[in-house]
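The following pair of complexes shares a single chain, chain A, combined with chain B in the former and chain C in the latter.
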Partner chain A sequence: MNYHILMKGELDMFVKKLSKKMKVYAPVAKGFSNFAFEEVSSAGEIAMEYIPTILPPKKYFMPPREKMLDFDLTEGKPKDTANLDAEKLAVFAVHTCDLAGIQCLNMVFSERPRDYNYLLRKENIFIIGLECLKYCDGNASCALVGNHYPNGGYDLFFTDIGDKYVIHVNTQKGEELVEGMGLAKASSADMAALDRAREAKKHTFQNEIGVDPKKLPEIFAKGVESPVWKSVGDRCISCGNCTNVCPTCYCFDMADTVNLDMKTGFRTRTWDSCQVEPFATVAGGENFREERSARQRHRYFRKFKYSVDKFYRSFCTGCGRCTRTCMAKINLKETLTSLAAESK
Partner chain B sequence: MKTAKNDTKAPAKAPKAAAKPKVAFFDFACCEGCQLQITNFGELLLDVLGAVDVVEFREAISEKWDGDYDVVFIEGSIADHHAEERLKKIRARAKVLIAYGSCATIGGVNGMKNSFELDEIRQSVYGKDYKLFDSTATKAVHQVVKVDYFIHGCPVYIPEIVEVLKHALRGLPYNVPDNPVCVECKLNENVCMYERGIACLGPWTKAGCNSWCTSNGNICYGCRGEVTNPAKNAANDVISKYNLKPELIKNKFDMYNKCKENDANGKH
Partner chain C sequence: MTEIHNSNWKLRKGQIIAAKQMTATEKWFDIKLDDGDLDHEPGQFVQVELYGVGEAPISVCSSPTKRGSFELTVRSAGRLTKHMHGMGKGDWLGIRGPFGKPFPVKLMTGNDLLFVAGGLGIAPLRSLINYVMDNRREFGKVDILLGCKTPTDMLFGDEIKDWQKRLDVNFSCTVDRTAPDWKGNVGLITSLIPGVTINPEKTFGVVVGPPIMYKFVIAELLKKNLPERQIILSLERHMKCGMGKCGHCQIDHPKNYYCCKDGPTFTYEEVKESKKL
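Now for the complex of A and B:
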């Protein structure tokens, strides 16, 4: 285990030095209590205290719109070229919920057939986490899924211990960076302060719905026909916000575009959402999830049941984005509480 | 062998240039702003003109064409008997008809006329001799003739015009995105208008404009028409969460979408 420290006054130096090596993206205030990861070159631009950003950092690993390949139909046999532009970049001040989200996507995209676009991008992304010492707001449910503490998935991890940050170095790349900047090793007093901060979190963060997370898959299995889904479906307006902001939703749509020469073209993929009308509509007009209740149920099952069956892991990271962004007040904690109450 | 090859090659080239599809642009009740979008193509115009022959386009050229059209673009809504007849004649000469711009595809702002008794509104516009001026309830183009392609928007969004043109030239159907504008707006990571305390029609309006207005600080006015299955009941939760008046949302919709009431089942 390797810990270093950075004085808060040196944060600007840290960001500036880092941004000389690669582009740095960090949470920036957008007004109206909204934040977004954007390119920064100094500490002053960064919102070190922020509630989860509009889009999670998955946008750097899997861009909302991405060109997959160029094709040429001039000859009898179509030719295609895949060009991936994966620039080296750093994402700074990533909360533990979003680190968990990236870990989930890593599992999904490492499965065969592997998603090389995702995996190659990931290789070029330097991740710096930032610990939450208190709740961002009442919509989060990170303690329920155990994401209020760091569980890996970063190169460096910052914890605020007053006038300085303790930095956990988790990778060789991280080690090279802090050594290169000449950051001092953490003293035993710093480590004691880190322990105290973590200890305090045990009281600050409590299971938000009072339901044992291990029981959730079973609660869901029993709740397939629950009236909860009708209630949620009646409220849903199918805007797709909940899935687009989710750090673990990864569904996409592929489309080919032909250029005006009618011979060459390109293939793109764009984030898609199981909540919108065309998602499960197939040729002939049949829609496999015509009812909004079925679409919402599907979304919840993808987070709490199917993912646990397949990857042994909750795909809800507890970030609370779906609740915050829902215009119709569909609240994840309330849905889970009602579902759990029914299965008793 | 050799001669045969040359024979097939030489004539293949000449008719190719001559066989470019004949494309014409026509306008009805509108501001002609969508035509302006075509002239605003910039460099893209050269590529488009490489693929088609523009034979009529009142705003840009003075030539006329008396043959058949491969593709016609219709702008504007149909608001009097004369326009209906003229549109039907154009349709009869066109292989493919594209309605473009909100006025043409959904009736657009001209549809606001339909909120009044026809004679009442005629009188207010034309005065006491209003009967001398022909006027009917506003119709979208598909409410008069068959439409093969729709390009929604006020004005039309340039990348979509080109996409639809390419689909038309290849004879492929073009699916207007049936996602709400929120989807594109969220992908562009805009702060939601509702979070800013402003009512926006994005949740009920068809996407495809890449959230053009909301990405530039304006609300969505619903100019692309409603998604096919908007959640009517759920709007109440939105209205209550953001403390809005239901009439406000309805009035905003009526600005572009009043002609929807003429559609038999609310669908094209």
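Now for the complex of A and C:
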């Protein structure tokens, strides 16, 4: 076990030294309780206490818009190349819910046929986690899915123990960084403080809906025809906010653009949303998920049922973003509670 | 900038070596790849890239027993297919694939086959029918039932004449709406099924057609006691990536099926609980 210490007064030094090696992105306060991951170069810019950012760090792994292919039609026979411009960067102060989100995406994109754009970006990203000692707000459901504690997925992980952070070093890359900065090893007193912080969380964080998470896939299997979906569908306005802010939503669309020379162009991948009306429509007009209720049900099933069947884990990380962003006040915890109540 | 040499988004280059307007809305293309055979199996599809326009999933309608080139039959139904109808011999396009789970030809060996095609469903099914024709002695009795809207909508007319003549194939077809010179059956494709003799223990029913057709045809096949897992379907969805990632083609509960990877061919047993086939 490898733990180091960073005094809170040294955080600025840490960020400055890190930003000399690579670009550093961290949560920045944007007003009205909104936060966003942005480039920083000093600790003063970072909101160490923040509620989940508007967009999760997914945007660095799978950008909202990404070029997948360049093509050239100058000669009769087309030519194409797949180029990637993936800069080396660090994301700092990533909450455990978002670390889990990245782990979910890692599984999806490393499954064959592999997505090398994602995988190469991932290799260039240094991840530093930050532990939550209390709830961000009432919308989170991280304890339900077991993401209130760290489950790996980072190079370094910070836990606030008062006047300093205990840093868990999880990778060789992380080790090299803390060694290079000359950070002291954690003492047994520091470790005891870490244990106390973790122990206290057992009381602070409680299963938010009081339903055994292991039973959720079964509850969903039974709830296919539940009136809950009609209720959710009646309120939904199909804006796609919930999927855009979700740390594990990765559906995308592809489109071609021709340059002004009319000879060259490129193909881009853009985030798409299963909530928008034409998502499952085929040429000829047949829409396989025409009703909003069917589309919302689909979103929930992708978080709590299909993903558990396929990847053995919930693709809901408990971050609460979908609830926070919903203009129609569709609340994930309420939906789950109603669905669970029905299957009793 | 790094070049991703093994990117799954890179395209194979195909040149149209022959094209023919088959009906008012369907055009047939014969495509030769510059890097060899497509190497597909019956029932698979390719992603066709028209540079600058975009990409669309199209079923391969030729059998892998045909070497050197592969064929597509494309209905002008959307932006890309409309554009493709303007293309002809000598034009280049991008190809990714083949993708998807093929028809279970190995399992079908030694069994009787009942093919049911509605409308454009004959295109994907033709890849299997021609495969069976080229390996005819491997299979038992073969029945082909074909339905289309009107006689002028009928695809692959020359081949159909051949199927009608062959003694090792029972072929019948029907049209929804007749025409003055039509002497054949009139009515829905379901009306042809009761007339077919089926040995349910050793028959595979392969059904390809528009979503509306499945419910009724499957009901008829179940009446003939054909087991659910011997009814094979090829489903239509908008496969945008072909790699089980983009989400567009995912079929509703209860299973986590991506039409592009787990399909497009499914047994009825696999997808019977889905809301829409």
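Here is the rule we go by: the second predicted complex is superposed on the first by the 344 of 344 C-alpha atoms of A that agree within 3 Å, B and C clash if a C-alpha of one lies under 4 Å from a C-alpha of the other, contacts with A are read in each partner's own complex, and residues count from 1 in each chain.
What we mean here is this: a contact is a pair of C-beta atoms (placed from the backbone, for glycine too) under 8 Å apart; a residue touches a chain by one contact, two chains touch by 3 or more.
Since we're looking at a predicted model, the values are computed, not measured.
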Is A:Ala36 touching the first partner chain B, the second partner chain C, both, or neither of them? first
Tell me which partner A:Thr270 touches in the superposition: chain B (first), chain C (second), both or neither. first
Between chain B and chain C, the one with more contact residues on chain A is chain C
Between chain B and chain C, whom does A:Met327 touch in the aligned arrangement: first, second, both, or neither? first
So, does A:Val258 touch the first partner chain B, the second partner chain C, both, or neither? both
After the superposition on A, what does A:His298 contact: first (chain B), second (chain C), both or neither? second
Figure out whether A:Lys67 sits in contact with chain B (first) or chain C (second), or with both, or with neither. neither
Report for A:Ala221: first if it touches chain B alone, second if chain C alone, otherwise both or neither. second
Report, in rising order, the residues of chain A that make contact with chain B in one complex and with chain C in the other. 257-258
Within their complex, state which residues of chain A touch chain C. 68-69, 71, 73, 76-78, 80-86, 108-109, 111, 113-117, 120, 221, 224, 250-258, 265, 267, 272, 274, 279-284, 286, 288-289, 294, 297-298, 301-302, 305-307, 309-310
Touching residues of chain A toward chain B in the complex: what are they? 30-34, 36, 54-55, 59, 64-65, 234-241, 244-245, 257-258, 260-262, 270-271, 273, 276-278, 292, 325, 327-329
Inside the complex, what are the residues of chain B that reach chain A? 47-48, 50-51, 162-163, 166, 169-170, 175, 177-180, 182-183, 186-192, 194-196, 202-204, 227-231, 233-235, 237-238, 241-242
Where on chain C is chain A touching in the complex? 1-11, 13, 15, 34, 49, 51-56, 75, 77-78, 80-81, 92, 94, 210-211, 236-238, 240-241, 243-256, 275-276
